[in-house]
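Take a look at the structures listed below.
Two complexes are shown next, each including subunit A; its partner changes from subunit B in the first to subunit C in the second.
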Partner chain A sequence: MRLLWFFIALVVLGPWLSEYGLKLASEALILGLYAMAFNLLFRQTGLLSFGQAAFFGLGAYTMALLVARGGWPFPATLPLAFLVSALGALVIGFLSIRLSRIYFTMLTLAFAQLLYAVAHKWYAFTGGDNGITDLRPPGIWGESLFYYYAVLFLFALGVFFLWALERSPFGYALRALRDNRARAEAVGINAFGHLLLAFVISGALSGLAGALQGALQRSVFPDYLFWTRSAEAILATILGGSGVFLGPAIGATVFLLLRVVVQANTEYWPFFLGTLLLLMVLFFPKGLGGLALEMARKWPKGERRGASGS
Partner chain B sequence: MDLGFYALQLLTGLAYASTLFLLSVGLSLIFGAMGIVNFAHGSFYMLGAYFLYAFTRGQADGFWGGLLLVLATGFVIGAFVERIFIRRVYARPEEYQILLTYALLLIIEDLVRFFFGTGYRAFPMPQAFAGPLFLFGTPFPSYYLFLIGLAAISALLLGLFLYRTRLGAWIRAATQDREMLEALGVNVPLLYTVVFGMGIALAALGGAALLPMQAATPGMAVDAVINAFIVVVIGGLASVWGALLGAVLIGLVQALGVLFLPEWAMVFPFALMALVLLLRPWGLLGRPPAVRT
Partner chain C sequence: MALLEAKDIYRSFQGFLALAGVSLSVAEGSFHALVGPNGAGKTTLFNVITGRLRPDRGRITYEGREITGWPTFRIARMGLAISFQRAQPFLSMTVLEAVAVARLGYQGRTFTLLRPLRDFKEALAQAEEALQKVGLEKQTSKRVSELPLGDLKRLDVAIALAGRPKLLLLDEPLAGLSRAERREMVAFIRELLRKEGVTLLFTEHDTEAVLHLADRITVLHQGRVLAEGSPEEIRQNAEVRAAFLGGGA
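Coming up: the complex of A and B.
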């Protein structure tokens, strides 16, 4: 129910926003989708991916290349961006989900940087660090209000999908693997297959977010694949609270507002990002969402919020 | 294409492997004893290079003193970081330990940008290595021999330290069973400070030693830590000899790659790592885990 109110508020909000406000709100939704895709892994499986940018960038480049070189209409590229990122996640996941969570984290970072290096150097195909620019979405897609609603629709679709996934047998199996892998495997859950599928879903949704961001910004550069782009999903998640279902989306909004303020005053944004992450990890590991839930628990409003987490 | 040419490639590969070893062995050591993967490891490697530059003001005659100073500073900074930050998260799930070192990676990169700027910082070749040496009639930089010697001596000293001293035995014991070690009266938190300091000092030394061959940039930290990951994944995490084997393999693969397919050279280390992951995921010299998590 609360989820529904949240979306109604976002729909009503649209016409009230300025051109700049719409751009920022669209970006917040895109980053929110991206962070929630990251958190599908982090929250449900305990896998900490430092390479989500690989899929964000794969989606963005798929969209950009199809539009700029293939002449495709923008909306038609979205399913392909989704598929290509899923395929990328399948390959990287197949290699990275082998041994332990620590290996997974190291390897996702490494493979994402490999893709970055390729995009950076392969001028003939990706345009190198000149990127692919002038991606003007056709007709109504270029209008900020319409684009905001399009992004909102896809965001909502993604969120409902993740919500349903969490409650599905698949979601239960993932959490069982997270909490006690040996026991989960003993009852017959195929760990590698389940984790790989979760990784592919997470990658595909990240790719969708990347394609949407590319069209919003009307250009795609190698920094879509850069490791600091992965850090954005991580920070948004930690900021909002990884243990709360909508936490990453809330974190994404706070994150973007902070970025607007900080970047107006200093170019040392990664320093700020790192310091914030450090402080969150040391002192508020549950994030803003976790803090809010704790507050709600201290002053209970009746019994209906007995179940926590979403 | 004569013998000298191939010998030169071999030496180039080994020289590169030497700095890779210094970089990765600390990562392995820290993970082995403390169970923490230090994502900021490359950042300290980068700091080593910048510190050498700062200590000597970019002058070649201060090279030897600067190198020693980098080693000492690296140890102090490592010990300091362990005390101030890492110590607070031992009791936390490993994700938060990783996130903490990841935050340091972000912070240090921007600090370097702030203090040293975004440009290259190059260092002249020290006087002692000014002239080339000849191998089968092909000239090669004499500095290669210094790098290889430095790594060989470091590996030897580290081996002696770990297998012939009391402190080394404790560090090895920490990789096996921390609680038992603590029960036997060893001050494990202090041991961790020492291990972290040592690992960081080695990485900083590696970064400084490479500086006369390769200029420092703020972007080198993340590339370095990824190279270190590739090395330890191939050799086996938590294994000093694995780091040595991994570094030599990657050094040679890189040198051969540049020789035959220069455009794809960067991909070869990854390809080798993928192969190891498929065939022997715990690394060539690593131990297969009893329970997969």
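Coming up: the complex of A and C.
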């Protein structure tokens, strides 16, 4: 129910936004989808992927190459971006999920950096440093308001999918594995199979986000695959709170707004971001989402207590 | 007929021989105890049987099929369930959810992505039934993390029973319980499994409880079978008295 109101608000918001506002809102939704895809792994399975950019970048490059080299219309590239990143996640996941936690994290990072190096060096195919530019989507897709709604639609689709996933036997099995892996395997749950599928879903959604971001920026560069892009998903999740379902999306929005405000006023965005993260982790480990939930819980209770006391 | 057979199992850890040729035969319908001092190899043998550890040598057969080297989840789906010594089942769930997801796990049905768990009426009904068997039917909507230790152990048994197992392994079911709780647990296990027709293989340090519950006892010592027999035979066995029972009992 709360989720529904959230989306209605986002739909109503559209026409009120300026051109710039629409771009920023689209970017927030894209980063939100990306962070939520990351958090599917982190929250449900306890796996910390530091290579989420691999799939974000795979999706973006799939879209860009098909449009620029293959002459595909932009909307038709989205399912392919989804599939190619899913495939990439299948391979990377297959090789890294067997490893214990820290090695899993490092290996995902290594794979993402490997893809970054390929995109960076392979001039003939990816354009290297120059990236792939002039990716303006055709017709109505190039208009900011329409694009915002398209992104919102896909974001909503992704969020409802993740929401349903969490309540399904698959979601519970993931939690069982996170809570107590030995116990979960002893009741017939195939750990590797479940974690791999979760990894593939997470990668595919990240790839979709990457493709959407590439079209929004009208260009794709190797930094889509760089480790800082992986870090963005983690930062948004910490800011918003990994324990709250929509936390990463909230964190993504705050992250982007802060970046705009801070970068307009100082050159010290990384310093500012670092300080903020430090404060969040130390004092609000549940993130902004957790904080909001706590306040929402306390408020009506306080009123009720007041009423019964009189 | 033997439901479970372990033949000549060897397993070592970095040169330490934890199991040195253990053979064990668990008859269908029996209550079989595995006893021995710490380090005798009981837990290692359990881990080999459930597939968490691969034996260096030897074979495990269950219901006449060789299961040596199978992954844990496949063995569990064959109807070979275990309840752990340190019962910490799925702390983030409610009691009912924890048993229901186990039920679906045994059936290999947890790859369902979009249908919510609460629509799986059959699994939920089975879970409630399993909880009723262990006496937790009033706690179904409680969080697992809120349960006291005794109830956690019962819940873990319910999780094991949710798969309708033929063979149940219990690893020190009485550890950490008070004297009164122990007596209650022994009576509970005995009554429950007789009713269910489940074969039991268990380890336990509490000698009194073992002699009371088991109809067959295997004594492990330093990775080898020291003796095997009925409780009466084991009680009389001089070697066992020296190594394990300490002349008491």
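We adopt the following convention: the second predicted complex is superposed on the first by the 286 of 310 C-alpha atoms of A that agree within 3 Å, B and C clash if a C-alpha of one lies under 4 Å from a C-alpha of the other, contacts with A are read in each partner's own complex, and residues count from 1 in each chain.
In the analysis below, contacts are C-beta pairs under 8 Å (C-beta built on N, C-alpha and C of every residue); 3 or more make two chains touch, one makes a residue touch a chain.
Note that this is a predicted model, so its numbers are computed, not measured.
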Message: Quick one: is A:Gln113 in contact with subunit B, with subunit C, with both, or with neither? Answer first, second, both or neither.
response: first
Task: Considering only the touch criterion stated at the top, classify A:Ala186 as touching first (subunit B), second (subunit C), both, or neither.
output: second
Message: Quick check on the superposed pair: does A:Arg175 touch subunit B, subunit C, both, or neither? Answer first, second, both or neither.
response: second
Message: Is A:Val151 touching anything from subunit B or subunit C once the two structures are fitted on A? First, second, both or neither.
response: neither
Message: On the A-aligned overlay, A:Tyr103 touches which partner chain: subunit B = first, subunit C = second, or both, or neither?
response: first
- prompt: More residues of subunit A in touch with subunit C or with subunit B?
  reply: B
Query: With the two structures laid over each other on chain A, which partner does A:Arg167 touch: subunit B (first), subunit C (second), both, or neither?
result: second
Message: Looking at A:Leu225, would you say it contacts subunit B, subunit C, both, or neither? Reply first, second, both or neither.
response: neither
- line: Where subunit B and subunit C land on the same part of subunit A: residues 182, 191
Subunit A residues touching subunit B - in the complex, by the definition given at the top: 42, 46, 48, 50, 95, 98-103, 105-107, 109-111, 113-114, 117-118, 121, 181-182, 191, 227-228, 231, 234, 238, 268-271, 273-275, 277-278, 281-282, 285
Query: For the complex, which residues does subunit C have touching subunit A?
result: 50, 52, 71-74, 76-77, 81-82, 84, 88-93, 97-98, 100-102, 104-118, 120, 123, 156, 159-160, 162-163
Message: Per the contact definition, I'd like the list of subunit B residues that touch subunit A in the complex.
response: 31, 37, 39, 85, 88-89, 92, 94-96, 98-100, 102-107, 109-111, 113-114, 222-223, 225-226, 229-230, 233, 237, 263, 266-267, 270, 273-274, 277-278, 281-282, 289, 291-293
Message: Taking the touch rule as given, give the residues of subunit A at its contact with subunit C in the complex, in rising order.
response: 161, 164-165, 167-173, 175-176, 178-180, 182-191, 193-194, 197
